[in-house]
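In what follows, a single structure is set out as structure tokens and then discussed.
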Amino acid sequence: MLKYLVGRLAGILPVLLVISVFVFGFVHLLPGDPARLVAGPDATQRDVELVRQDLGLDQPLWVQYGRFLGNAVQGEFGRSMKSKRPVSQEIGERFLPTLYLTIVAMVWATLAGLLIGVASATKRGRWQDHVGMIVAVSGIAFPSFWLGLLMIDLFSVKLGWLPTSGYGTWQHYVMPSLTLGLGVAAVMARFTRSAFIEIAREDYVRTARAKGVPARLVVWKHTLRNAMIPIITMVGLQFGFLLGGSIVVETVFSWPGLGRLLVDSVNYRDYTVIQAEILLFSLEFIIINLLVDVLYAFANPEIRYS
Amino acid sequence: MSAVAAAKAADTAPALLSVEGLSVAFDGEHGPVRVVEDVSFSVAPGETVAIVGESGSGKSVTSLSLMRLVDYAGGRIVGGRIRFKGRDGRERDLASPPAEALTDMRGNDIAMVFQEPMTSLNPVFTIGDQIAEAVMLHQGLDRKAARAEALRMLEKVRIPEPARLLDRHPHQLSGGMRQRVMIAMALSCRPSLLIADEPTTALDVTIQAQILRLIRLLQDEMGMGVIFITHDMGVVAEVADRVVVMWRGRKVEEGPVERIFQAPQHPYTKALLSAVPKLGALRGQDLPVRFPLLVVDDAKADAALPAPPPVQDTVRAADAPLLEVRDLTTRFDVRKGIFGSLKARVHAVEKVSFAVRPGETLALVGESGCGKSTTGRTIMGLQSATSGTIRFDGLDTATLDSNGQAKLKEKIQYIFQDPFASLNPRMTVGFSIAEPMLVHDYVPTSKPGVSRRRAIEERVAELLTQVGLKPEHARRYPHEFSGGQRQRVCIARALACDPKLIIADEAVAALDVSIQAQIVNLLMELQARRGLSYLFISHDMAVVERVSHRVAVMYLGQIVELGPRRAVFESPQHPYTRRLMAAVPIADPSRRTRDLRLLTGEIPSPIRNVGDEPAVQPLVPVGDDHFVARHAVGGDF
Amino acid sequence: MTTTDATSVAVSHDAIRSPLREFWRKFRRNRTAMAAGICLLALTLAAAAAPWIAPFDPAAFDYDRILEGPSADHWAGTDAYGRDILSRILWGARISLSVGLLSVLLGGVAGVALGLVAGFRGGWIDSLIMRVCDVLLAFPGILLAIGIVAVLGPGIDNVIYAVAIFSVPVFARLVRGSTLGLKRAVYVDAARAIGVRDRLLMVRHILPGTLPSVIVYVSMRIGTSILTAASLSFIGLGAQPPSPEWGAMLADGRSYIGVASHVTFYPGLAIFLTVLAFNLLGDGLRDALDPKLR
Amino acid sequence: GPAFAAKDLVVGLPDNITTLDPADINDTLSQSASRTMMQGLFGFDKDMKLVPLLAESFTVNDTATEYTYRLRKGVTFHDGSPFNAQAVKTNFDRLANPANRLKRQSLLAMLAETVVVDDYTVTLKLSQPFGALNNNLAHPGAMIHSPKALETYGKEIGRHPVGTGPYKFVSWAADTLKVEKNANYWKPGLPKVDTVTLKSVPENGSRIAMLQTNEAQFIYPLPPEMVKMVEANSALELIDAPSIIARYVAMNTMKKPFNDPRVRQALNYAVDKNAYAKVVYRGYAGPLDSAIPSKLGFHVTQPNQYTYDLAKAKALLVEAGYPNGFEAEMFGRNSTNFIRGMQFVQQQLSQIGVKLTVTPLEAGVETARVWGVEKPEDATVQMQYGGWSASTGDADWGLRPLLWGKGFPPKFFNVAYYKNDTVDSAIETGIGTADTAKRAEAYRVAQEQIWKDAPWIFLGVENLLAGKSKKLTGFYYVADGGLQMEEADLQ
């Protein structure tokens, strides 16, 4: 396992390098001229050319890549084309809000999802199951903007309990994390239920019962641990997705996170920011998935990597 | 407590458990199917009741019903009462409350050893955790003390290096080791009633004797009632106070053990007893001989077949060996900690060499955990060998490409020790049996004008019938069978493609003696007809005596004795072999050996530190074709 | 009884063929799932019959009746152009259902295949597939979609491809995870010992074990895909105005939430019910595939 | 006590501020933000009228090549340094120098030399005649930084604005800009509030909610469909003012069938402009009765309006040889509002048999497909749904970029590929003189010709809608979409 881990970790750098080439190429091949977009809607061609020179976009592609790579190696990703700030500042400023929100949302959603899923599985076919699954389906089928706006209307406008939007105190976290987490909770609930039903009839669960393990532990220890693999997979994926910043939630609640930054930078073809963000997201996913793989081996000792 | 005293106690003392008119049903394809009908019996404190009966007669279902675990397996108690007197002295009917309500009673009052230890251990928890959990639940110890107690229990069931075992996971254990873990777990609950469902099928006779002794000790200590389900009449004779005989879902006979053995009433009981293989039955015989067969048909027993069973003179000694194993070594790394640093190695198979000739049955016997299954798995290519060569039909299997490997598997079939786990739970057994034929484009011979699919279906039906099942069973899923039935399904699957060699890993261990005789005879008949060879891995020395031409005895990963059956059985050379022969229980309650001491002390273990290679002594001839390894290993009994 | 005569071997018709019939038999008994299936069937039929059953032309505008709430002639009210929302939902079912279903199936098949191979083979193939998936996961959807429009051009089938691509890595990871565990099962070894080749081993013995989670994800993903498709139509990739598409109708009504809620409510309801039906159907399928349930 | 309670004004914006260096800003929002802190020689008042700010008066020569400004005295920057002619020169030279690559360089592209006459007099010499210079100087892009700050912060000036305006910079993080009262402001009695916070809240619904909960006292823009929510709340007030944002569909006059003016006119007749206002803007829009909105200088209402007349439209199509209509594709941005407008046009034209395919384009794709096209022959655009806000407030910037024969993409934005000699020379005349009368005449001619040729479907001019708390006074939402908050006060 140690060897495997070291190998995987050592493999991250070359993988990122390959990704960087890929991302660089892809981003530059997208239709859209950043110079023109950055220069603005009523900029003349002259303005556009000035901007183009300023951004170094008049250089051959490989020179641009070389510069990008050179910067990246020093942990610096150049300046945002749009705001002219260093990309690291631009992203750094938004990473923590996204991270915090992600963690809050993931924690409650995973717990709630597990609870609902387990309740549904153990009360399968009864009303608890149906209620649980309808809640779960709502979490997937309700567009989050809708939910977000409804909550703002209720909790901020009508009741005045929570601030409508923004970032700062714990009150600011309530609605965004609820909105963000609902989908996750739904996914978790569905997967937990399914994985659970699979395992609940295995012989070793019967053994646990025969030992006199209380029903609660039969569920939460003996069954869950074996049902963990799809659940871990999903937690990892959802965590990764949320870490990319949710565009809708950040928009509805004016959360200063990575999702909106991404939209903005895509709208302006702000290459430097896009590249840095995708590299960051890739790194996030690679690390999360590495952890997920490690957790697999923990969840199921028969899984071995070589 | 002596048998007589126990019987007396059963009369006077109020019953611990009394089952009255129990009926259990499963939902079948066409509505509910009753698999247990109106069964009644009782168990007094300190008493041992053995339930014997035909495979599939409802023994396991009955025992699951007592703990209401059958509810979780899709079954329902449709009639009867199960009156049980708990620790608190209160008597209640276990059949009526919802299954969930009985949680406090399980483990505490009734504990159970399941028939299939392979699937009954939770794969994600370590052995230590699983036993310690039971200890903590029922003996109120803290985590550390529970672990210590778990260790003690493992020592008691004679598992080598129990301290190391605590941190290992079930899949790293041999079949017999898992079974012992199950027993340790059940006993550590210290229940007032223990239900043991075939608890020793995967154990060699030496360890079996230990386990029986252990149960008896605890029983005497705590007045524990025991329900012992087994098909081994030797074990019944050894442990039981009373015997309940089941047949086709019903109780057909019940009585004190002596009465049952001396004067069986029901035809099935009679048949059963007469079919019991006895060690030494073939004394003086060079070649194996089939079992005399009994057919119990609708409660009427026929006598043995008129003609004496033919001898099995099938070995084509002149031909080149079919399977040749040379210096085979298989080791497992033992890793520890999250980073898995290499701590030690399990020397499961060490420099094993043997050959199987066409038409020959080579029996592989040995202590539980000595590497028999690993040898089989390595030959099948399911486990990569550390070193050594395996030749089949003259071809080195290591040199074959994947195509050749696949082809090879048409000729060699492997019957797993663990029938349930080796059947795909999502497939009907019919499909599982047909699969080898489909994979190898095998066309069964059949009447002309029959489509291939139809021919395969017919062949499946024929195979099922041959192993004593019914053609319509093909539509069922593995979990809908009893342990012995599943084992027969696996045998049917192995026979499907007319292989040349079958490696049978404890293939008849879960079968009652009458079915066992039928199956063994079937195998021998195929050998006579088609020249099949068998590598027959077994603990049951009486069966081994019947089927094998030659016997290899394994101990701690090495072959310590190898020779013709008669030579090995009649003049065992290696101390371990001798011990093995001596420990075989005898199916006669009057010849009990209850005073056997519990063994204590160090148990030799195949786990060695890295770099500490075991000494392998060459096999030296001691007789005609008879070899023995002369070294300290295994000598210190 | 050593040999068996042919007569005793009589009745075993479809003994080895039964899985499909067995499946249907069990599925039929699950009433919720059947109801969900029938609902979806009805919806599909309604979508197919939209030209005949929709009360209005989905593009017919009436500027005198904008944003009217439900009434006798407009059961679900009208939108900002005075178009009949019910008719648009019926017509929209064509696009939304096909995009939702096809894209997920396509992505699912590709993802499942990749995940199966990665998990089963391990080694560098696993690493390669999974790292590509990591990148795909990390790639922001809008960017990918813009790239796809650039390469493939706009059109509904390209939406299907785009949305399919989004779901590939998720399926792959999901299936790989389960495969890693399942490939250690003794019955897989047993199949191998029979001589089953790897490809068949994956498909026949491992794949079914991964299906429960796959089905769950498919049934959930359909809703997400309908919504994703809408966001693509906003960058010009998807259904072009005025084609009705549920997700787009929903997003378009976003600004009327406080004013004319029915504009979002009915398409939202349609999506909700569809997703619910797919989930219930998925549960039914799952159960029918579960041998342990009679 | 409560009398001294700090007055904190919060404004909800739709977007993030990009930078606070006005010379490098191209979005109205960041311009509004920098206008809280900075000023130029001229500015616009709330009615888009040119007013002197840091300049007191000016003179210009006949050829409009030399402008001399007298500057206001006694003004200091927030960092304490004095405002004077040298400061103006530093700023203008910086802006005009292409090497600095500032986005607003074109505002002073014609500047040849800046001469400091004395401390408070500065002369701008131009390389070519330019009549609208004061308008350019009133543009936020020409606002003046403290020269000291320019020197101190260099490239980072955009995050450290120091000007002469009513408010001083406090902080700016991701989506929130905070400024505070400039106690030494040169206009006596101003500003009246202690702090102003500009917060970006992109979701319309959330912005309204902020207003409703008094978390913000002013929000903009207010989508027309949400006006009701403001009206329903007695503490709130609707701001509804005409803008200078023209909405139109440009037709590629070089491509069939749009090369025929009758077709273009037919399409103009086929669109019901009132319905447009009603459907797309819920009634909050006015007519576009000439090529430029009425709020722009030199606007002339055209006498022969294209009133909704399907019969006439059909007749014109028949005349042009398209009795059964035709098919065409319309591009446009992918915002909800644009898509709504495009669908509307699509529906209207369907009435005369013109079948439109509506293709919403993402911003970048639009630049590639529409604005970046090098040669007119390569243009794939047939129709383009667009909008234009001439931020200088002058007819010149309302016409030249869009309809000048020399302004085809990529140079400018003449996506109608419209070229008419009369119009071209009128536009050139208008820019070549500072004489108001001459300019007025030139732009009258241009507007008339354009109207007749109808290179666009003239759709309308949307209203500026915003919501504000009734407590807020002196806060203006100007026709170009900018905000003026120097007189803002909270009761």
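We call the chains A, B, C and D, going by the order they appear; numbering starts again at 1 in every chain.
Just so it is clear, contacts are C-beta pairs under 8 Å (C-beta built on N, C-alpha and C of every residue); 3 or more make two chains touch, one makes a residue touch a chain.
Which protein is which chain? UniProt says A = Glutathione transport system permease protein GsiC; B = Glutathione ABC transporter ATP-binding protein; C = Glutathione transport system permease protein GsiD.
Computed from a predicted structure; not experimentally measured.
Chain centres were defined as the mean of their Cα atoms; on that basis the chain farthest from chain B turns out to be D.
Our note on geometry: chain A versus chain C, Cα centroid distance of 22 Å, whole angstroms. Computed centre separation for the pair chain A/chain D is 38 angstrom, with centres defined by C-alpha atoms. Inter-chain spacing, taken between the CA centroids of chain A and chain B, is 51 Å.
A straight line joining the Cα centres of chain C and chain D is 46 Å long. Residues of chain D found to touch two or more other chains are 205, 362, 364-365. Touching of two or more other chains is recorded for residues 74, 171, 479 of chain B.
In chain C, 146, 150, 184, 251, 254, 257-258, 292 are the positions where the chain touches two or more neighbouring chains simultaneously. Interfaces, counted as pairs of touching chains, are A-B, A-C, A-D, B-C, C-D. Residues of chain B that touch chain A in their complex: 67, 69, 72-74, 100, 103-108, 111-112, 114, 116, 119-125, 133-134, 137-138, 169, 171, 182, 185-186, 189, 335, 338-341, 420, 479. Within the complex formed with chain B, the chain C residues making contact are 1-2, 4, 6, 8-19, 22, 184-187, 189-198, 200, 205, 208-209, 289, 291-294.
Chain contact summary for the complex, chain A toward chain C: residues 11, 15, 19, 22, 26-27, 29-32, 133-134, 136-138, 140-143, 145-146, 149-150, 153, 186-187, 190-191, 193-195, 197-198, 201, 229-230, 232-234, 236-237, 240-241, 244, 262-263, 266, 274, 277-278, 281-282, 284-286, 289, 292, 296, 300, 302-303, 305-306.
Contact residues of chain D toward chain A in the complex are 16, 18-19, 24, 26-27, 98, 101-106, 109, 155, 158-159, 173-176, 199-203, 205-206, 209-210, 212-213, 215, 362-369, 371-372, 388-389, 391, 397, 401, 410-413. Against chain C, the residues of chain D that register as touching in their complex are 204-205, 208, 223, 225-226, 228-229, 272, 275, 278-279, 334, 336, 339-340, 342-344, 346-347, 350, 357-362, 364-365.
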